[in-house]
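A short write-up of the structure that comes next.
Chains here go by letter, A, B and C, matching the order in which they are written, and residues are numbered from 1 within each.
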Amino acid sequence: MKLFGFRGGVHPQSNKFTTREKGIKTLPFPDKLYLPVQQHIGAPAAPVVEINDKVLKGQLLAHSQGAISAPIHAPTSGTIVDIDYYTAPHPSGLPVRTIVLKPDGNDTWQQSEGVVNPFKLTTDEIAARVGAAGIVGMGGATFPSAVKLGLGKDNPISTLIINGGECEPYLTCDDLLMQEYGDDVVDGIRIMVHALNAKRALIAIEDNKPGAIQTMTIATHLFSHIKVISVPSLYPMGSEKQMIQMLTGKEIPTGSRSADIGVVVHNVGTAYAVSNAIRKGKTLTSRIVTVGGGAVKNPQNFEVLIGTHVSELFKQCGGFIEEPARILMGGPMMGQILPGTDVPIVKGSSGVIALTKKEIALQKTMPCIRCGSCTDVCPCGLLPLEMANRSRKGDLTGAVDYGLMDCISCGSCAYVCPSHIPLVQYFNFAKGEIASRNIEKQHNDVTRELAEQRKNRLEAEAKAKEEAAAKRKALREAKLKEAEELKQSAKKETVT
Amino acid sequence: MSIITPFSGPHTHAEQSVPKVMLSVLVALFPATVFGIYLFGWSALILFIITIFSALVSEAVCLWLANKPVKLFMLDGSALLTAWLLAMTLPPTAPWWIGVIGGSFAIIFGKHVFGGIGQNIFNPAMMSRVVLLISFPLEMTTWINPLPIGSPNALSFTDSLSLTLGMNSVDVVSGASVMGHVKNELGQGHALSDIIPQGYDIHSMAIGFSNGSMGETSALLILFGAVLLLSLRIISWHIPGAMIATTAILATVFNTIDPLHYPDAIFHVLSGGLMLGAFFIATDPVTSPSSNAGRLLFGAGCGLLVYIIRTWGGYPEGIAFAVMLMNASTPVIDNYVRPRIYGYKSKNVPLQYSPEDFMSKDDLTTSDKQSGGTH
Amino acid sequence: MLYSAIASLTLMGLTLGFFLGLAGRYLKVESNPIVDELESLMPGSQCGQCGFPGCRPAAEAIVEGAAPVTICPPGGRALIEQLAAKLAIDFDLDSIEDKDPAFAQVSEETCIGCTRCFKVCPTDAIMGGPKQIHQVFREACTGCEACIEVCPTECLHMDGVEITLGTWRWPKPALAA
């Protein structure tokens, strides 16, 4: 199939060989599982269990709230020991409401029923089951998949793109998922194609994963409407915008979604979870996580129960060879720094990476020499040097004018900058400032209106008071006049 | 537990840094420099060293005055590169004080008054050369015929030292550069066929055995260096390509109209500092546009101005003026010429697709669900 | 020749100056419209935290140059940016410190329901009736502290806003070399 390419991109060293050949290991049950109620985009889930409740594997622990939300399920059977605020796996280290579960070691599934023929279900039924299973985008975006599966109702979808790109260095979880569970993944794809009423599915796999390409090609050979496409290993191939451009030559118009150009993108891990949910009635309880990085003794992929502490994973890898300079959740390009290792694996955690000082290659930031390397590699056609300059000076309108809101924060620009300027952090800072200012402005508008209303109310009250007083006065005068007249007439009567 | 100052991604980096970029450019300049020194003798080397030394001293003083970390910025190689390029454009037998004034002016007024590295509007080397040319026209237009080191009439080291330091008068045969000579004669109304009766010698001009400054002579060696830079992705082809192409096209046009009074494209490209200017001077990242389309415009403008100044202007060589004039227009180019952003057709105009663009006709009309086989 | 030049220029200067004076007196614009524009940007709660007796006097002071654009605490950085943009002032936002947003909070144990606070609240952010415990609507509170000053039992205090995962923002990278 013809590929269309995308602008820019970089080639970081992939280092995937460290975990690719080692298969997927399982972990012993951790002492406790920590389940944040917010592991997805949208409203946090609301707990339905209480402390000391006994739960079975896959049982609902917190239900979704609103249209954009997802429920949380028990990753294994056990007892709820706490519902409180614990550190979130987020760079800020701020706490998040967490349900703590102590496994009982039996791993007993709750009663669940799969569907014999998913192709008889309607889109809404499939979406409902997927939503109830707590499935969110497993590539890391964690957008509730049920909502995405319903997009076929309002938009004609021509292509479902299954993202097997995995362009980040070190991560091999999707690669191994495709190699070991390829048939289930393809089953999930078929169900999603049916739900979206799409005409075809394209499974895009980077060419540095020959094993996965082979397995998936075999798994799809019976289905003419599902094709495996080998795409070049170029970062950020796994980005939705760039993948769509590579495969279809079309770009998502600004302000629109991919469904508006007939495309929906889902991760391979999501497809696997969908198959489990629909065929076997299994809710989302675990995922494959790559533990890697130069500082880890034995990097490895694991099938991990959601809520396992990151420290457990590093322990199972034999610990660290040297003190890691940074511990990240995700890959080295877009991963988030973790505040420590006592934070849980969540639904979107594709990997945990411990990088050495040499690997992070940190150098002192120099002034910008306007070399334009950032512009050359930006996949979105932006001018990172101009945006960063303006963000630094607080000229947010200028930064937005140069395309700040179209930035996907892939990090290609900062990766190549010879002056080692932290470009992405400038953009994150600027986007956050803009969000804060919008909230402030909204608050100002609301209070201004309230002040206006109060002024009007007080004026109205004062006016009403005046009118009432005037009325009373008029009434009183009328009464006095009446009394006078009565007196007059009475006097007249006595006279006559 | 929380981190007070978290870092954002990316948490790894390509092996590139400012000193590495500068070093690559210096390596690319090396062949032409060595050849130039060989060609013009020890005085060229001495002037070279004096220029670079003055520049480095000025850099250190300016950094110290500005309270910036001196060692960090001295080691980034930008002052060294500026001085090197400036020295390549000076007459090899210029007196020592030209080197001192040139080197310090370039760094102090060409770079640090604007705020240091990355902040200057004009190319510091060109700014300095223009100032020297206008202030000291005699010394800056006295060229000599090549006297390679080791040839019978070449000056010894001590003689060269005396020449540069302006001590007892040493005899050198001065001769106008090819461009200067041609322009002079053309200005007096002679036809090209009389000025260069046998045609100019392409070989000697390309390889470099002709008069001029160190960087002007060997077009071939400059080209080698340029190929290195292009392959390392330190410069892109847009500026040099546009600059040389524009000059060549204009030269060809006028040469076709009047072959006797307008030199042809090859003459223009190989003589003077066009090759050095196009690949090493106009491509200075700080003072040139950052988008490729902008670079093409910039290069074309430089080429146009070079041709105009060379043909109708008062000076035989126009690179320095052309580059500085286009440097002044870089902010304007950068503001109006931007790459197209993903999802937009042009600035503030989103892309638009109709359903026919992404769905085939029968896909749009069929409404039945895809039966993906049995269970 | 010289004298005629001096005379003509002097005459021109005097004539033009005279006309300028006339224009200054008879064509004067009464109220500077920019003051209205600035006032419309401000919160409008007349809280007085800026030291001026209301938003309009503050706007006038800013236009005159007697007050800086940073003068309004409830407006925050958003307002400063808007004011600076309106007046075409170059403003470096780094130099101002962000005042942490704060909202008034009633301590229910000590509230006596005297109703003095909600009468002075410029945005009607306090709800409550006589002899009933009052409560502050956070979304409507501008942090002007007027209520704190009138409360007889000192049961009102300012509460800072806690940063949550939803409101945390990336800090600006530290300055380069």
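Structure notes:
To be clear about the criterion, a residue touches a chain if its C-beta (ideal position, glycine included) is under 8 Å from a C-beta of that chain, and two chains touch if they have at least 3 such contacts.
The structure presented is a predicted model; accordingly, all values stated were derived computationally and were not measured.
Among the other chains, C has the CA centre that is most remote from the centre of chain B.
When every chain is represented by the mean of its C-alpha atoms, the one lying closest to the mean of all protein C-alpha atoms is A. Centre-to-centre spacing of chain A and chain C amounts to 38 Å, using the average Cα coordinate of each chain. Here the CA centre of chain B is 53 Å from the CA centre of chain C.
Between the CA-based centres of chain A and chain B the separation comes to 48 Å, rounded to the whole angstrom. The residues of chain C that reach two or more other chains are 170-171, 177, listed in rising order. Touching of two or more other chains is recorded for residues 6, 8, 72 of chain B. Counting only residues that touch two or more partner chains, chain A has 92, 94, 364, 366-367, 419, 422, 425, 428. Residues 1-3, 6-18, 20-21, 72, 76, 78, 116-119, 233, 236, 285-292, 334, 338-344, 350-353, 355, 357-360, 363-364, 369-375 of chain B are the ones that touch chain A when the two sit in their complex.
Residues 38, 88, 90, 92, 94, 96, 364-367, 391-394, 396-397, 419, 421-422, 425-426, 428-429, 431-433, 435-438, 440-441, 443-444, 446-448, 450-454, 457 of chain A touch chain C in their complex. Listed in rising order, the residues of chain A touching chain B in the complex are 7, 10, 12, 87, 91-94, 116-119, 156, 158-159, 169, 190, 193-194, 197-199, 222-223, 225, 241, 245, 248, 250-256, 260-263, 326, 328, 330, 332-337, 339-340, 355, 359-364, 366-373, 375-376, 378-383, 385-386, 402-403, 406, 409, 411, 414-420, 422, 424-425, 428.
Across the interface of their complex, chain A is touched by residues 42-46, 74-79, 81, 85, 91-94, 121-125, 139-142, 163-165, 167-173, 176-177 of chain C.
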